[in-house]
Every structure is written in C-alpha cells, then in structure tokens.
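One chain, subunit A, appears in both complexes that follow, with subunit B as partner in the first and subunit C in the second.
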Partner chain A sequence: MKLQLLDKKTHLLDHMWLRILICFLAPIFLFGILLVSQGISPILAYKTIVTSVFGSTYTIGEVVVRATYLILTAMAAILPARVGLANAGGEGQMTIAATAVAVAGSTIFAEVPAVIAVPLLFVVGMLAGAAWAGIAVICKQLLNMNEILCTILLNYIAEYVICFLLYGVLKDPHGWNYPQTVEVASHLRLPRYFGTRVTFGIFIALAVAILVWVVLYKTRVGFTMRTVGGNQTAARFSGVRLKRVQSLVFAASGAIAGIAGTILILGVEGRMRTDAGATMGFMGFLTAGMVGNSPIWAIPSALLIGALDVAGNGVEIATGLPAATMQILIMLVLLTIMAVGGKKKHE
Partner chain B sequence: MNDLITILSSTISAGTPILFALVGDLIGQRAGIISLNVEGCMLVGACAGFMTAATTGSLLLATLVAMIFGGLLALCQAFLAITRKRNMMASGFILNFFAVGLTTFFGRNFLGRSLGADFTWDIPILCEIPVLGPTVFSQDPLTYFSYLLPILAWFFLTRTKSGLLLCSVGEAPEVTEACGYHPKRIQYAAVIAAGVLAAIGGVQMSTVYTISWANDMVNGRGFIASAVVVLCAWKAERAYIPAYIFGLAQALQVFLQVKGVPISMYVTMMMPYLMTLAALAIISISKKPAMPEKLKIIS
Partner chain C sequence: MEPIILQTKQITKRFGNFTANDKIDFDLRKGEIHAIAGENGAGKSTLMKILYGVYPRTEGDILVDGEVQTEWNPNLARAKGIGMVFQDFRLIPAFTVTENVFLSLRESGYFLNRKELKKKIREMSDRYELQVDPDAEVWRLDLGQRQHIEIIKLLLQENTRVLIFDEPTSVLAPHEIGAFLEMLSSFRDSGYSIILITHKLHEILAVADRITILRHGEKVRTFLREDGFSRDEIVEEMMGQQVVPPVKEQLSDPNRWPDAKAVSLRDVAVLDNYHRRILEHLNFDILPGQILGVAGISGNGQAELAEAIFGARKTVAGKILLGNTDITNTSPRKRIAQGFRMITEDPLRDNVVPTFTILENMALVGPKLKYRHGNVDWAALEEELKGRDEIHDLRVPEFSRVSRTLSGGNLQRMSIARAAVSDPKVMIACYPSRGLDVATVNAVHEMLFRLREEGVAILVISEDLQELMEVSDKLLILAGGGSMGPFEPGSLTENEIGRMMLKGGADDEITTA
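Here is the complex of A and B:
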C-alpha cells in the first residue's frame, strides 16, 4: 500500500487548458517537421487542409457525411466501453450490415413503398450488425476469449466474406463486371440536402448519440451499465447479471454500427462495393477513444476526424502525398492525447 | 514431389514473419504487457527494411535499420502502456494506424520497385539433403535465425536470471520490486524487444517473402501473432507449431490459386484469420493455460 497523502504534488500537466493546447499544437508541429523532412511546405499543406474542408458547401457536406458514420461507429465503441468491454469490430459490423441492406433493398424490398421498406431496411441493418457482433459475444462470454482480438480478427473475416460475395453470388449481372451489388431501388434512398451528399442520416446519427447519452446518464439501465463498467465485483454483488448486461450491450453496439451501414447504402452509396465505408469503423473506435468515450463529445470529435479524412484527398492533389498521410496527423492527435491526457477517474 | 517442396518452402517463408512477431509478443506478455503494436512494428520493419535493402543491397543493414524503427514504435507503446498506464490494447491499436500512415508516407516512392537482390543463401552440404535441403536449408539468413529463435527465447526465459526476472514482473511486480529491481524498466525492455523482433519479421517479409513493398502489406499477421500467444500457453518453445500452421495456410492459399483450383481466393485468404479464431475457441474450451497473473486482470 502506498501512502496516497504524500503523493499530492501538482504537476505542470494538471492544468487542463495547457493540456488541450499541447494536444492541439504538438501534432501540428510534429506533422510539420515530417513534411519539411520531405521537402514539402507545411504552410501549403495546412492551407490545403483548410481550403479542402471549408472550400465549398459540398466539401463541408463531405465532412458531415463522414461524421455521420463516425458518430455511429463511435457509439458502437462507447456503449461496450461503459460496461468494461472493447468493441474494435465496428468496421466489420458496419460493412456486413451494409451488404445485407444492399441485398435486401435491391431484392425483397425493391417494390415495397418507402414508408414501410425504409424502416424495415434499418431493422435489417441493425439485425445484421448485431448478428456479426453476436459472434464476438459468443467468443467472449461462452469461450472466454479476448474481445478486442476477436473483433479485430472478425473485421478481417468480414472483409473477405464481403469480397467473396461481391465477386461471386452478389455481383450485379449488369454492372460491367465490377464487384458490386445491384443498386437499391431509387425510391428507398434517403433524401439529400443543400446540393451536397448530406442525407437524412446525419439526423439519425445525432439522435442516436443523444439517445446513448440519455440512456447512459438519465435511466436506470444506464446506471446499471455504468456500475458494471466501474466496478464489476460491486455490480455482481448488487445483483446485476453481469454477462447478460454485457452481452446485450455488445449486441446493441453491433446494431448501432449496423445503422451506420444502412445509412451508407441508403444514403450515399446506393449499392455495396468492396471498399465502401472502408476505415470508418476503425476511425469510429478512435473517435470514441479521443474523447474518453463521452457520447456528446464524440460529435465534435467525429467532425474533426471526418474533416481530416476529407482533407486527405485535397492534400493528395496539392502535394502529391498519399491521402493516408492525413492518418499520421490524426494518429498524432490521438497519441498526444494519450500521452498528456488526464488520468481516468477510477484509476 | 516438386509441389511438396514448393508448399513446404513457402510454408517456412510465410511462417517466419509470424514466428518473429509471436516470440516477440510472447516475451512482452511474459512481462505483463500485450504488444498489440507488433502489427505496426512488422509494418515499420518491412518498410524501413525494404527501403534500406533496395538502396544499399545489404540485408544486414536493412535488418539493423528495421530494428531501430521497430524499437522506436515499441517505445511509444511502452511509454503509453507502462508510464502513462493507458489501456495497452487501445494504445497498441492506435500505434498500428500510426504505422500504416507513416509507412504509406515514407514508402510511397518504393511502391512497385524491385529489390534487385536475392538474399537466399544455401547452407553448404545440408542443402543437398532431399526434401529438407531445398526447403529448410535453402532460405535466407533471417529465416535460419528464426529456426533458433524460439529455443533461444525458451533458454532466456527459463534458464537465465534476467529471463526469470522478466517473467516475475508478469506474475508479481511487487515481488520483483521488493528484490531490488525496477519492474517498469524490465517491462520497457520486454516491450521494446517485442517490437524489435517483430520488425525483423517484417524485414524477412518484405525482402525475402514478397520481395516488394506494398501499403499495409502485413495485413493482420501481427494481430494473428498476438492472438496465438495464448495457443503457445506463453511457452516460447511451442511457437513453431502455430507459426508454421499459419505459414501453411498462406502457402496453400497461393498454391491453390496457382493450380487453378476452383475455390474463391477470398475464402482461402480468410483461412488464417478463421483458423486463429477457431484455434483460440478450441484452446479456451479444452483448458485454461497458465496465463501470466498480470494479464488476467485485463482479459
């Protein structure tokens, strides 16, 4: 046992604003050094980032489109984190759901009026996402396997399952041999706004984020969840059925990732392609990690990561660097937050 | 017969990167830290190693450079997981994306470039043995080293004082501290060793196995390595079996594709990941292996 009383010296990093300033400046500085080392002007790069994000209504719309997926996949990471589990499988859950929705929307629901079909398609997406998450639940709860490793492996498996289907049975016979499904019936697509690719999906994403916050902080269920996340032994002694709560929450997070997949298809894409929605699940996990799994703060976090992702294309055109370069900047932000961020309350 | 030799030979060269990462992460896990970042370290090693080998033509230099950068990435993991006490799985996961970004950035001019060097080095006399000769003894120096690696790691972990100290940190760091050692320093060393070994695996992969650099070429092999440490029950001498089983899965995938067997390549590409998941499921049903005490807290 350490004497906690003697341990109370204040540290420079205890000032929150200083920490936020470091988290903001250090990545920009380090990334700048990296660019200079390759003979690229950082000023040009940062200017490109700003213009390619705020350049027009369309580019801002692109940020919102990405933020839509990121908010949802972040929620899929936040909920399990609150019951002491980590869901790194948002990617697989989202894309499997997208494939299911693309198939359902182009076959059985193709002739059904939108009022009935669209809600049902959301149900299809949520069920598919929850089912894929369910595999991880079985691995974790029945077989006692580590859920992070399981969900990571399941992401790779999902990727190859989708490739197998898109190059095989699901390939559009009139699609010029591209690996993609038949397009979803046009009356089932979500409405777009402002001449951008922003769809009704963003409102769904915001509603889900608020709902997650309300459930977590304003309901009995949420209180139980936070008890489980805070102290599992205490939760068990107070009569919570730990495994049941964890399993249901994990499946629900799969369903939320499934909503992201549904919006991907009914919103922007219209059909499933092999790289549709790629990295949005991983980035959602990081979006959540960046703000310490807070559902409300995940919204600005998603907008920031979405903006940096959009900027990648602009930077590629302006400087000739690969778009993945922006990933370095995003990860630098995250790593700085991890390095200088505050300690968790229950530590 | 020739098919058998092809399959065996590529089983070994496909299994070697996993063997390096597996032994590396195993050492790290014995000290109580899971290095999910071995995936990233392999990628950094593959990229830095390929760039060095393509410019200098020296495998030794390539390996040294890769070890340095793999070690630096592992240092980040050590800092976040040990000093800052972050969730070691999350920090490792983020570092992998960091590695993907960095290697895509620095490796962009080496995409599609040929290496212009062949590092295969037949061991004299031994390479004339039928079957074994052209498969086991007709590889590159890094692969020969990998044959010894699990035994060396076993000897280190169970027969030397430093190795036992390292294991004691994974079981009961208080005791290590009471004996007058620094558990955190030992953990730092273990995590960095994990990254360095994984980086050597990366070099073998890009300069010998694929002989080219491609973005994100490690593609989950590091995660597989991290996962199958459980299969070895944290015993280094058992690392051969899972590593070469996954090498075999990959060798068969290429083999079936070349032979035109009508199985979708995506099904065969999925096999290593599916096998890992299935193997973990089976081991968890059969018995609970002797897990280092410190890892029990997080799993």
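Here is the complex of A and C:
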C-alpha cells in the first residue's frame, strides 16, 4: 500500500472556513494599524465591535436583519454567475422593488386581507426587480452592452429615480415633508421575533438560498445552467438556447433581489425612504464573491458582512472616528476577499 | 557520447488517485531527437508538462546538466534554455509576426526595434527554410505558418538548446509534414536537442535517434537508432497485449432506409470569422447510409462547412434541405431534435464542460435522458451507458472522472462515443481520428460503418487522405473557396486528389461521379 496521504494534500485556501477567517482577521489587523496611527486604541475599537454585535439579542437581531437582505442579494449575484454573467445591480433591483411594494402596500392593497395581499406584494416586488434587471438584459442581448457596467449604472439611475419620486409624487402628504412614502397598512407587515427587528423574512431568505442550491444541483434546469456556466460553446453545440437561458436567469435574479426589497418594506421599514436598504444590494454581490458563488456558503458570508455593518455604528460612537472610517474596514474586508476568497481551486 | 542536458529520475505525477506518470526515467542528450511515443493517455503530454515546469511533479527529480533542480517552473526552464512549442499556439491574431515575436523576447527591452527584429526573423527563417513573413498579420496565416512563428520565437532566444514539440504534425497538412521533419533534422544538426511527442509512427521512424515508449503512465522501453528500429516491436510495446481490431468494410445500400433523409446543400455560401466568403456555390448531398468524406488542406473552410450544416453558423446564400424540408438557418437546437450530431474539430473547446464529470458530459446530447423528480436520472443514464458497446470500444474514461483532469484524447473518445449512442440521423464528424492511436481509430471507423448500416447520413472531415480513402463512399474536396466532387474515391489517385487540394480547381478532364 502506497502512502495515499500525500495525494490528499490540498491547498490551504481550499478550506472555506479558513478563507472566511482570513477575510475576517487580515482587515482587523490592517485596520488596527490605522486606528493606532489615529491615536485610538484598537483594543477599545474591537471590544466595541464585539459588544455591538454580541451585546444583546437586539444587536444580534440587527445582524440577522442585514443578513436577510444580503443572502437574497447574494443569490441574485450567484444565479447569473452560474450562467457566465455578472449581476452587480442587486442594489437597484432591490430598491426599485421596495419602492413598488411600498406604493402598492399603501394604496391598492391597503384594505385587502393579509393572506391575499402579502403574497401578491411579494409578486409585485419580484416583478419590479425582474423588470429592472430586464433593462440590463435588453442592453446585453440586443445592444451587446456589458452587463456589469449596465447593472452598475442602473443602480445609480434607480437611486435618482427613487429620490425624484420620493421628493415628488410619492411623498407622504402627512409625513412632515420627509422624502418618504405613505406607510404600508399595518396588517400587511411581517411578524417580528425575540423582541428584535428580525422578521419572518429571514426564513424566506434561507428558503431561497436552499432552493437556489437545489435548483442548481438537483434539477435539469440547474444542469443546463451549469452547462452554460461551464462552457458556453459546449452549451450552444448541445442545443441550449444560450441567450434565452441567460436572460431568464438574469430576470429571475432580479426577482430574487425584488424579494429582498419586499422584505425591506414589509419587514423593518414599513415605507420607502431615500436611503432604505442602501448598500445591501452592492454588499450582496460581494457576499457571493467571497464564497466563490456557493449558495450555501453565502449564508455565513452574509452573517459576517452583516456583523461588520452593524459593528460600524458602534465603533463610530465609541472611537469618535468619522462615519466614513468604518467604510475603510469594510473595504479592507472586501479587498482581502478579492485577494483570498475568489481564488480558484488549484490543480 | 554527447552530454546529457535534461534528465528525469523516477518522475511520478498523480492527479487525485490517478497516476499519469509512474516512476519515469528519461534523458535527453545534446544534438539528438528523442521521440516519446505511446497511445492516448499514456502520459506523454503530462511528462512534457513536468519537464517544462507547467505541472509540479508528485515525486522524483528533474536534472539539468546533471544538477538536481529543486525549484522548477516554465520561467526557470526558459532560463535554462528549454523551450516548448505548444499545440495551442500562444499568438495574438491581430498582431503581426514581428509584434508577436517581440512579445516573447523578454530581454528585448521596452521599445520595439522593428527593423532589427525583422532582420533577425528573416535570417532565422532563411536558415531553416521556414516560411515566415515578419509583416504578415497572424490571423491571415494558416496553422503551419503559425507553428513556424512559435519555433522562431524559441530560436531567437539565444540560450535555447532544447525544443519540446507536442504533437507538432497534428496541425499540418499532409504535404507539409515531410518539410517539417526535415526542419527537425536541421535543428538537430545545428546542435539543438529535440523532444518529439507524436503518435504517428512513420514520423518518428524517419527522424528520431531514440524512441521512448510510454504505456499507461509507465516507461516500457527505449529504442536506439543504432540498434535499428523494428516497426513491429515498437507497435507491440505501444499497444501492450491489445488486439488491434481489423477494419471491416461493408457496402452501403441507400434504398434500405425508406424513412431516412438526405441533407442537401444548394448553392450554399458561408462566411468565416473575419466575414470573408470562405466557401460558396456548395452543391452536394449527404445521403443516408453513406459516408461523404471531405478532403482539403486545413483552413479551407472545413470548420465553417461543418458548423453551417449543424446550424451553428449562418449561411449567407443558398438553401440547406433535410429531405424536402428547408432547414436553412434553423438553430442547432432544432437540428439536434432532427437528429443532427456534430463531433467538432476541438472537442475540448466545443463539446466538453471541463468542470463536469464524464457522466455529466455524456448527458449533453447523449442518449435520450430520463428524468426523475425534476432532475436528470443519473443512475439510469449510467446504467444505460454501461450497456453500450461504444463506451467500451472507445474506452471512455470512468464516469466519475472530472473532465478537466483528462487528456484531450480521452475527451475526444468520450465525445465520439457520446454522439454514437445518441441515436443520430445525420452525423458530422470533424477530424474524428485526430490525435488517436491505431486501435481507437479503428474503433471509430467501426462505429462510423455501423452508423452507416443504420442509415445515418455521415460527413467525415479529415486531413488524413488515407483515412478518407478507407472510409468514404464519396469524396468531396474543399479548395479555393468552393467544393469539388463528390467523387468516387476509387476513381482518383492520391496524387490527383493532392493536386486538386493544392490547386484549388479541378482539372477539366475529371468529371464528377
């Protein structure tokens, strides 16, 4: 018997947990240097991070709230990645859907019983998200434009369109002139748990993540998708309608981002504001990239990024550093992810 | 005796549980051509990639000038004067020859001294009778010329002393091979050491000084020219105990399959990737129960023709008919449903998903798939495939192997077997025997004959005239932007065909059969 152990030697970075740990520790070290240079104790800062994340059920709940959106927007990035496309437009798809849901929930569905209205509001959100993604699909397939740039630019367009609406026709007439919509009828809101802001949305997010995994690996549709993602030429030569598959998957990913937008409104927010759900779509793209577009691993990844986001507020208060400083930590995490997380398995 | 430049001791390479190279001892002396021969999957390419530092070795030593190299990668190999001419040329099509050569010369500084570099390219080109025009844009050149550029790149590196060629003749037209082998000899005479990997025996016999045979990843024997090469012995060592199945030729009878339909091209024209009309006025039929061979020097529209018949390339004029139905410019999806199957020129590029297992790849237009709970019924597929002779005859690798870890020959056999078990009606086979060993080539031919018996309309594109003469019922020649024929293969000599391929026009006295 030859020594089989030698064959099993795998690259350290092949271990997903280790990758996530590096993505967590390296930025903390680098950020610590920055803190020291500003005369701030990194120990204090990191203690604050820990307490602001694990301090109470409420703070843990805040992490889960963010992870809810991040899991969904990560799925919106993962599906297209599996057919050779990149969707960086989760942000726009989510907020456009949120706006549509906020409007529908406060007008036509305001008097409808929840059993009927809530599922329909999810449909509204999904359609709005899919429609926004559909613009990028048209740019890509008919005009041959780059889908990454299209979706990024559409994020900006979404932001400004929403501002335009919130300062204009959609502004709540009884809202003390704040740029926000009328509140969604209270009976349509999702139930909350544990005295936190965690809503039923987290279960939907987890279910979607599992569903994405099942579809990808356990269905014929997923097999076709993986064929396209693995070799587009081979897919074409085996009779796959490439453009059709890619377009449908892209629209479906918009619909998933739309679910995030729906949960945003029916869950925590209740109404659309100009900065509701901000950065959650964009971070979802990175949540997915961090774990090499694996739907299951995206869940812990979303919790980590959600935790960093929550910790940001605490650090701001404890250290007196300006708000933008916390962005540096998050960006350090993202850069480490790009250096470590995206690495393909070695031969 | 000349000194040993490059040597391996007990080199072993494993991919997972699969051992590609098992304790191989190999050495290369100054000024010799050392050929490495073996069947597909014998481990030739793997060994070369280890020698050139592309793959890290699992065990064993690499020695250069007698010194053990602990660190080894392509950069170090180049620094030690070892160069490799890859099968897939690393050239930028939009650049000129000079620009491409410039890219590869790392000592040339940051500024392109065109005049001097051109002069050097011309000198080198004249010295070894290469046909390289420094000002030509690469996309205009055929594969043979591109290969010459790759060689020039290495020769212009002053320290180069070892040239590794991996299946160099697979991209050459038959008439170019002789010249290529002469060129190899002239490199040897100038003091270069050459490693030549090929599965074509007559090439090795013509030029090699030593021949090392690999089989199933192991070195079986090294033959020396001074001992006299025995063709039979070499074949025996390559094949092991295998029995080479004889080719059985059977006669076709077009009237036996009343339901089978012919594919007809009527005045069809196609464009190549540069929007040039590479072929026009194509008029011929692929009849059921018949093999139509397509001969021609590579680059005369073979790939474009195959893609047009399969629906993967739009035609710009004329009509394609299946029976009486006009199928001009319908999608590959529709044509697959009508029974069209295509084995492409490069299965690795066009037919295989590298991240899939063999079984998963077999599901891409293989046997009719069954579904269970919304998923492909993998167990049923595996069961069905195991019962098919083609899988065994073509030695398809284990179903659980991931395709990316397999050699090109393995994947080619897989995609040929896949097409064979998929109940085809029209089979377009591009270079079906390229890169395969004798036994497998025979199995492929057997398979084509069996499909012909079942009334499949078959088109075979090949660069091997011998092969075409053997398998074809009718022969078509592509040259000069159009097609000639179909001819009865027996009515022409190889020389006549060769003349037509080169000239691009049929002589007046040759009439179509």
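Quick notes
Simple rule for what comes next: the second predicted complex is superposed on the first by the 312 of 347 C-alpha atoms of A that agree within 3 Å, B and C clash if a C-alpha of one lies under 4 Å from a C-alpha of the other, contacts with A are read in each partner's own complex, and residues count from 1 in each chain.
The rule we apply is simple: contacts are C-beta pairs under 8 Å (C-beta built on N, C-alpha and C of every residue); 3 or more make two chains touch, one makes a residue touch a chain.
Here the structure is a predicted model, which is why all the values come from computation and not from measurement.
Within the superposed three-chain model, A:S238 lies in touch with subunit C and out of touch with subunit B [touch as defined at top].
Taking subunit B and subunit C in turn and counting the residues of subunit A each one touches, the greater count comes from B. Within the superposed three-chain model, A:G254 lies out of touch with both subunit B and subunit C [touch as defined at top]. By the touch criterion defined above, A:F223 lies against subunit C but remains apart from subunit B after alignment on the C-alpha atoms of chain A. In the superposition on chain A, no contact is made by A:G105 with either subunit B or subunit C.
Touch criterion not met for A:G61: it reaches neither subunit B nor subunit C.
Applying the stated contact rule after C-alpha superposition, one finds that A:Y167 touches subunit B and leaves subunit C untouched.
Of the two partner chains, neither subunit B nor subunit C is touched by A:G201. Judged by the touch definition given at the top, the superposed model places A:G92 against neither subunit B nor subunit C.
Residue overlap on subunit A between its contacts with subunit B in one complex and with subunit C in the other: 347.
On the side of subunit B, the complex with subunit A involves touching residues 36, 76, 79-80, 84-87, 89-91, 93-95, 97-98, 100-102, 104-105, 108, 215, 219-220, 223-224, 226-227, 264, 266-267, 269-270, 273-274, 276-277, 280-281, 284-285, 288, 299. Residues 14-17, 55, 58, 310, 312, 331-333, 336-337, 342, 344, 349-356, 360, 363-365, 369, 371, 373-376, 405 of subunit C are the ones that touch subunit A when the two sit in their complex. Across the complex, subunit A meets subunit C through its residues 4, 6-7, 218-221, 223, 226-227, 230-231, 233-241, 347. Taken in their complex, subunit A has these residues touching subunit B: 34, 38, 86, 88, 139, 143-146, 148-150, 152-154, 156-157, 160-161, 163-164, 167-168, 282, 285-286, 289, 321-322, 324-328, 330-332, 334-335, 338-339, 343, 347.
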